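Next up: some structures, all given as structure tokens.
Shared chain: subunit A. Partners: subunit B in the first complex, subunit C in the second.
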Partner chain A sequence: MNLEVLNGRWPFWLGAVALAVTAVGYAATLGRLLGVSGIYERLVHARAELATEREERAFLDRVALEEALRRETLAEMEKQGVQVPPEEMAAPVSTAVAGPAIAPRVPLWGQLVFLVMMFVGGALAKALAGGLTFQSQPDPAHAHLFGRAAPLALLFGGVLVGFGTRMAGGCTSGHGLSGCGRLQPGSLLATACFFGSGVALSMVLARVLA
Partner chain B sequence: MSARVIGANAVFGLLLGFSLSHIGFGDFGEVHRMFTFADLRLVLTFGGAVALCAAGFALVTRRWRFVPRPAQAASAVGGVVFGLGWALSGACPGIVLVQLGEGRLMAGLTLGGIISGTWLFGLAQRRFGIGAVESC
Partner chain C sequence: MSADGPKKMPSQPCPHSTSCPLYPQFTMASFLRYWRTSYCDADYTRCARFRLSQEGKPVPVNLLPSGNLMKLSPK
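Entry: the complex of A and B
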């Protein structure tokens, strides 16, 4: 059986559907937005992130937290001889608001799984399409453009990608899909800028180097 | 940590990596042809995905509340820097992992660059207070 989907390049509509299903499906399932560059930032500062997660876990149970605060307040008032207004402090007060909820953050380990599985997804696609091979040479199209400077272009380009995405607060997934999909001004601006500067530099490179 | 959270991250990570590879985003030539408009397939893929996301998120945001992303100077400047890096390396933070999975060993240089850039920005942010403001 020859499955075109597993072999060649996908038509634009199939790629669009796959990307949208990923971004929207992730948000619908977990209540958190997908953003790959944000995961890099959390991993680079993993020690501080894990410490924050431990602290947050202690405050996760909102009902228990409110009940504990109420008990402490009652005990303190009693000690100081203050008359407790019964209607104020008799029952736990819920501060839950109706409407859309804020979901808890995805733990760092879960996000690491996401990155590892992206890697596996690339390997699986290649393996099913005719075999996984290792290429230690630069990409031919990249080498055609940059010649012997190709490794430097990869390294320096990577630094710009890491710095720029964190400065803008998102990358292709966080701003491009999750942010533009929600029509957020900052995401529309960032996406227009990264696509625009990518186009501008590529046009110059094609004119000057090719 | 719940199995549901791990499972969802595994499934969507696999789906994204697999899809990006078949779309051709891991291939520098394809990305370069997208940026020079020599081939409109990737432009239409990304544009179509944004349009479908807009429709999909209209449904999702009834149940969940997400962070607002206001327009700031840092969104524009950071975006420009990122775009230059993408044009030079052919990768964004997600795509570089797909390239490595496809067996493109040179992408290791790009990954090293991205991690260094992320670290460098953290340093610059602490020292100079630059960057887009994010609220949790």
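Entry: the complex of A and C
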């Protein structure tokens, strides 16, 4: 295959297959939908996420669950001014009931590996196409638009993307792959919005740069 | 009663009662039924777990209907 014709990029259909395999494989093996901005959010809140993981493990400890439920319930009833008959408080708590299984949670370290491998995979693909280079300077077109403020513009753009994806509840992977694949109306609308605005902005920039 | 008149209560139990891991635990002792009579089987729209799931957010397993987080793991 002549990658020069494709400007050093892999054919689009191969990218589509890779994305489909990744999204379906992720959901099939982990029982969760793929969403990269959601993974970033979990990593940003790593401390709270690790605490949640600990609590989920502890939830399976029947004794700990019984004790915690008794303590929290009595505190809540006292707060609400609800009287508990003494005989009820003295009565032994029966064995915890086996409830529905807790939805599996992807371990945080696994999601960190996923993010790292995204960069490794991208670099590997580019290296195989023979065009892997590292550059510390902004792209010429980018520098033309923003001048010396180009790095700041990149940073600001990244912040806007992060803000937008969290406000929309997903990004190109969460809405575009997982949501559109399931024909979720919100995801179809979100994907149409961010791809539509991307195309429109590209057309404007092409005119400006020309 | 609010200024808008009596609040309409849902007549059905919480639609998430079959998938909620806490709901079955509220039968372990009679006083634990407080949660069901106050939230699950009464006004489940007040339940913090229900509200969070309606927002499409993950619901912590230790989140009580009141919004408090149960401390399960040892310190």
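Keep this in mind: the second predicted complex is superposed on the first by the 138 of 210 C-alpha atoms of A that agree within 3 Å, B and C clash if a C-alpha of one lies under 4 Å from a C-alpha of the other, contacts with A are read in each partner's own complex, and residues count from 1 in each chain.
Everything that follows uses one rule, which is that a contact is a pair of C-beta atoms (placed from the backbone, for glycine too) under 8 Å apart; a residue touches a chain by one contact, two chains touch by 3 or more.
Since the structure is predicted, the reported quantities are computational estimates derived from the model, not experimental observations.
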Contacts of A:L132 with subunit B and subunit C, given as first, second, both or neither: first
First (subunit B), second (subunit C), both or neither touched by A:A46: neither
Contacts of A:T165 with subunit B and subunit C, given as first, second, both or neither: first
First (subunit B), second (subunit C), both or neither touched by A:L209: neither
Subunit B versus subunit C as contact partner of A:V63, first or second or both or neither: neither
Subunit B versus subunit C as contact partner of A:A123, first or second or both or neither: first
Subunit A: partner with more touched residues, subunit B or subunit C: B
Touched partner set for A:A192, first subunit B, second subunit C, both or neither: first
Intersection of the subunit A residues that touch subunit B with those that touch subunit C: 99-102, 105, 169
List of subunit A residues in touch with subunit C within their complex: 52, 54-59, 61, 64-66, 68-70, 72-74, 76-77, 80, 82, 84, 88-89, 91-102, 105, 169
For the subunit C and subunit A complex, residues of the former touching the latter: 18-25, 27-32, 34-35, 38, 56, 58, 60-62, 64, 66, 68-74
Parts of subunit A lying in touch with subunit B, wherever the complex brings them together: 5, 8-13, 15-31, 33-34, 36-37, 39-41, 44-45, 99-103, 105-107, 109-111, 113-126, 129, 132-142, 145, 150-151, 153-173, 175-203, 205-206
Subunit A-touching residues of subunit B, taken from the complex the two chains share: 1, 5-6, 8-24, 26-29, 32, 35-37, 41-42, 44-54, 56-57, 59-72, 74-107, 109-122, 124-125, 130-134, 136
